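After the structure tokens below, expect a handful of questions from me.
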Amino acid sequence: MTLQQIYFGYFATMMTIISLLVVSRKNPVHSVLWMLVLFVHMAGLYLFLNAEFLAAVQIIVYAGAIMVLFLFVIMLLNLRKEEKEFRLQKQWPVSAVTAVLFLVVLVSILGKITVLPELGEYSIDMINAQGSLMTIGNVLYTKYLLPFEIASVLLLVAIVGAVVLAKKRIE
Amino acid sequence: MLKYILIPLLPLLSFIINILFGRNYIKNRAHWIAVPAILGSFVLAVSACIEVLNGKVIDINVYSWIVSGSFNVSVGILIDQLTAVMLMVVTSIGSLIFIYSVGYMHGDKGYYRFFAYLSLFIFSMLTLVMANNFLIMYLGWEAVGLCSYFLIGFWFHKKSAGDAGKKAFIVNRFGDFGFGLGVILIFLTFGSLNYMEVFGAAGGIVGQTITLLGYKVDLITLICLLLFCGAMGKSAQFPFHVWLPDAMEGPTPVSALIHAATMVTAGVFMVARCNTLFSYSQTAMNTVAIVGGFTAIFAATIALVQNDIKRVIAYSTVSQLGYMFLALGVGAYSAGVFHLYTHAFFKALLFLGSGSVIHALHHAKQDDEQNMQVMGGLKKHMPITYWVFILATLSITGIPFLSGFFSKDEILWQTFQAGDLGKFLWFLGALAALLTAFYSWRLIYLTFHGEYRGDTECESRIHESPLVITIPLMLLAVGAVAAGWVGIPPVFLEHGDKIGYFLAPVLGHPEGHGTHAQEYFVIASSIFVAIAGWVIAYIMYIKNPGLPEKLFSAFRPVHKVLFNKYYIDEFYDKTIVQPVLKASDKIILAFDVNVIEGVVNGVPSLIGVFSKGLRKIQTGLLSNYAAVMAIGVLCVVGYMFFMR
Amino acid sequence: MVPLNWYIILSAVMFSIGMFGFLSRRNLVIMFICLELMLNAVNVSLVAFSHYLQSINGQILVFFVITVAAAEAAIGLAIIIAYYKNNPTIKVDEINILKG
Amino acid sequence: MENMIMNQLDYPILSWTVFLPLIGIPILLLIRNAKAIRWTTLLMTIITFFVSLPLLCGFDKTTYKMQFVEKSEWIPSWGINYLIGIDGISIFFILLTTLLSILCVLVSWKSVGTKVKEFHIAILAMETGMLGVFVAMDFFLFYLFWEAMLIPMFILIGVFGGENRVYAAVKFFLYTLAGSLLMLVGIVVLYLYGGRTLDIMALSQIQYPIKMQYWLFMAFFAAFAVKVPMFPVHTWLPDAHTEAPTAGSVILAGVLIKMGAYGFLRFSMPMLPDATLFFSGPILVLSIIAIIYGALVCFAQKDFKRLIAYSSVSHMGFVTLGLFALNTQGMEGGILQMVNHGVITGAMFLMIGMIYERTHTRVIADYGGFAKLVPWYAGFFMVLTFASIGLPGTNGFIGEFLIIFGAFKANMILGVFAATGIILGAGYMLTLYQKIFFQDADPDYEFSGKHPVRDLELREVITLLPLFVLIFWIGFYPNTFLEYMHSSVEHLLQQVNQNVYAGGENVFAKYIMEIF
């Protein structure tokens, strides 16, 4: 068992366990905190797949911004008092079966994939030479310029939308 | 040609003028237009008859009416001997009745309307009589039915009058139903509707038969029976007689003109006109004779017990019409038409006489003025009407040397000669003559003899009708007496039967094969019968007035049946009228509403049921939708990777 | 050397856990978190592909996935707050105004 | 183009007649006050009528060919062209439509108070739609006008109608639409089989296989039977009539109903001769049922308009009987009866509208003793009653007699049953007349004394006059109208019976003869 496999095994098991915890916690705050831990592990995995920039983004954006936002909302709505009822909906077995079926189908598909598309020209060492941030920046601002601009517009729309929605209605 | 067209057109013009301008301009000066019009057409009719007398037959096609493929009918006029007789009857009696109704209808609100409808009636009757093809006759036929509808229902505010008018029109429509089909059948067999062509080709189709509902039916008999069905409807013969007594709701001049002299005789005229067709089919002749004979005796029995003066005379009309059809049935067409001619005079006289009686009682404020039980002893108050009535009754009962005797005796004699069926029918006829004598004299004694049974102070106000009423009565009385002298049988005065010879070219002249002895026996028997009826009536109503009551109570059921006219009205009502109304009420409406509406509204409600089912899927729960999406993706992916 | 399949299995497992959470949890906010979890599972597989197929596109796609996730979270939470104002519940099965 | 005679006149008369009312609509949009709207619409309809008049005198009676034909490319790629023309059969319907439209505008002078502009626009659009149907010689154009005509009628009933007008309007719309969609399928089949052309003349030359003819006939039958209201599918008519405003009822009874029968004449018979022969038996039986059923239902009607609606079901039963007797007299009688029915029932609805303006009730029981109150009205209605019964001297008789004659010639039993229709007709019409005009009203009846009902005024008499002139003109001298039809009917019968043309004998009718 090479060092890499042990490294991956740790991360895989930890991420599975944490995601199970995130899903099953009665108290939403605990879920969010476990989610944070999950993000940290994901950042570690990204580093392992030498996507340093993404690891950073993952930590800053996901963990830092989105999870904080969730915490704010949970605190705002002081949800803790509703923990008495049963967490799951009445037809949870159906969704459990669906989820498991999904898993089975996805995994069984792997067996079907026989031919791998040919490798792209961005080999790992070429990225390390430039630094992953540089390469992503080059490609982002040349080939994917339009999606980038659209993404910015999308964010703008989200901001405006969030503000409008959360504003107090003036009747 | 214009001269002949003017005969029917003058009354039409008077109708149009009266109906359009009557309400606000003419009001009760309508007779200034109507009477000259009818007199004008009377004069023209006389001139036409004189032309026909010296042998000229007028047959003109005015313009082609309907042209559709092979079907070609034109409006045309035919004036031959038969039409001449009818023209004389219609226009002469029409004029007298017009003058009479000037007095009778004086002061009535619908005065102009009355004269308008009367003129329209004269126009339609003349069209019917002067037609030269079956379709124009059909036109006249229906138009006459229309006018009788107007005139019977003249006092329309009375519900009974309205109903009677409607009943008359619908029963006539039953007759016209048969007549219309007959006309169509005639065209289909002969290819034309013109009289001359049809009668000319009649011989050719004697043997032909036609399959109808699987049976072989003789064509000529079928045509004659259909035509006769129309005649029965119009002339109120047995199955279709129900409308005539109710038609008495109309004013009396109407009853006189339409339901005595002219319209009801249209059926007789039609059968006489188609004598060539009828003579080819023995079965049709027999049916006509039997129906005629039966109706004569049947109507006479009902007339025995009626109390309404006009209904008695109405039933006597039905009975006399039965006589005419009897004559036609045995082939004595000229005798039938001769009886029609004389009957028109004395029956119109009877009606107008009773009209003047009712008029007088009406002025005397006597309620239920048509009921004979209320009258009595009017001899002192209304001498002229009394004597005129006497003359008319003498004539109708068949007292020798009066018009009724000659025409009725001629019929009985001709029936007698027509084989053993003829003998039986002759016996029926004689019996009917006995009953006729009885009820006619009963009417005289009840109204004019004995004491006044109405309330006494009214009696003082009863007085003779004004001259404008009595003059036409007297003229008609002359007609009632003298009209018969035209057809004195050869046995009294050789070649005396002038009308028979006059009508011969159209109707043919049956050679009598009975011996003189038989003829004398028939004449003697009819005289005996007339006097016997008179004597019985005299005993029952003058000698001991109590007798009728005792007799009626003795035969209580018989009296009830006769009084209610054999319950035929109720029978028709139950078998035809009610089922139609009930069918339309319940079955048809229910069918229409439930079945069709059910289907029509059922489809959308069915769709509604489906949609209600589908709505359950929209639960509103977010996770359900997400689950459905997930399953959807699952299926697609599964199919893509595993099924293909 | 860790083969690519393992990464994909890992992301599939995370994804189905996320899906189970999303489909069966009653609390709306938790459902959003599970949604984020599913997105991150996808990101993992994307990065793994980008790494093994030596093409940078995977990472850029993850970059865009993150922006979309952020926008989506913002709007979703705003909606929850707006809804919470007039109807103080965030139980999913009580929010069924859209019931047909 | 051997069976068409191009337009001889210097101006396209048919296009002008059809689209003149349409030109009126924008003018109406500009006007504001109601009075001006009414006068302009009246003017437009009168001009259309006078534009359509030269059709009569310019018409060549000797040929069966289509006349005044106008043709121009429309959608060349599909072979659809703007092709219009008329022949002996359709000429009277055009004149009837233009005449009735004038009368509709006149009769709703006072009764339509609100939304006057929309009402008159609907009438003008209606007129164009109807005229279009009668002149269209191209299936596409025909179907376009056939559907276009529904919308204004829907508006007329739906907006300006009585109490549950929406139900009636929707029912009318769906009934006709369902039928005409099937027809569309038929048209497409014909288009494809007939060599990608929609020209009706060309399509009627082609001999289609028997089985296909049966299916096509049923498809067309669905559309036309609904319009004619033949027996089972007639329930939309009474509702549509009771709820429609007077103008709507007049147009509905006067022209809309004729399109179904016209459709049979123009499409089903020439194009599908064998199917026509095959189906003529059942259709004859259906028409007999329609006659007797329609008449019987009239006995039990409480509502004035509903009774007249059912009576027109019975009259149209006569028309289909005449048409499918498949001999000259029956056919010509049928077409003439269509014109007659348009005149008589159109006039009757006009009069019902007038009395409704005064009494605001359609229940027969509320009326009584109107002969004293409104004598002129009673007189006019009397003439109509007897025209509708078919009294000789009026136009009803000519039509009915020819039809019964044709039916009798085709098959004796059918003729007898058809003739019973006359008796029933007399029954319910006279009962109606008696209940409304003769009988004395019951005391608590509010019209007798309180506010006197005023008699016909000049405007109303003028509205009725042309129709009454027509009643007596056709009654006394029908040849002026019959002459136009002879050659077209002859040609049509040849087309239908070309394989069994023994004096226009009806094959199926003989078949019935054996059964009975």
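Each chain gets a letter, A, B, C and D, in the order it is written, and its residues are counted from 1.
Following the convention adopted for this analysis, a residue touches a chain if its C-beta (ideal position, glycine included) is under 8 Å from a C-beta of that chain, and two chains touch if they have at least 3 such contacts.
The structure presented is a predicted model; accordingly, all values stated were derived computationally and were not measured.
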Kindly work out which chain lies most centrally, taking the average of its C-alpha atoms as its position.
D
From the mean C-alpha coordinate of subunit A to that of subunit C, what's the distance rounded to whole Å?
7
Any idea how many Å lie between the Cα centroids of subunit A and subunit D?
74
Gap in Å, rounded to a whole number, between the CA centres of subunit B and subunit A
106
Cα centre of subunit C to Cα centre of subunit D, whole Å, reads 68
Multi-partner residues of subunit B (at least 2 other chains)
621, 623, 627, 630
Got the subunit D residues that touch at least 2 other chains?
none
Among the residues of subunit C, pick out those that touch two or more other chains and give their numbers.
19, 22-24, 92-93
If we use the touch criterion from the header, which chain pairs count as touching?
A-B, A-C, B-C, B-D
Residue numbers of subunit D touching subunit B in their complex, please.
171, 175, 232-236, 293, 296-300, 327-329, 332-333, 369, 371-372, 375-376, 379, 386, 391-393, 397-398, 401-402, 404-405, 408-409, 412-413, 415-416, 419-420, 422-424, 426-427, 430-431, 434, 437-440, 476-479, 482-483, 486, 489-490, 504, 513, 516
Can you name the residues of subunit A that touch subunit B in the complex?
89, 91, 94-95, 98, 101-102, 105, 108-109, 112
Counting only contacts in the complex, subunit B reaches subunit C at residues 615-623, 626-627, 630
Residue numbers of subunit B touching subunit D in their complex, please.
19, 23, 63-71, 135, 138-139, 142-143, 146, 149, 153, 156-157, 159, 162-163, 166, 169-170, 173-174, 176-177, 180-181, 184-185, 187-188, 210-214, 580-581, 583-585, 588-589, 592, 596-597, 600
For the complex, which residues does subunit A have touching subunit C?
2, 4-5, 8, 12, 15-16, 19-20, 22-25, 28, 31-32, 35, 38-39, 42, 45-46, 49-51, 53-54, 57-58, 61-62, 65-66, 69-70, 73-74, 76-77, 79, 82, 85-92, 94-96, 98-100, 102-103, 106-107, 110, 116-117, 119-124, 127, 132, 135-136, 139-140, 144, 147, 151, 154-155, 157-159, 161-163, 165-166, 168-169
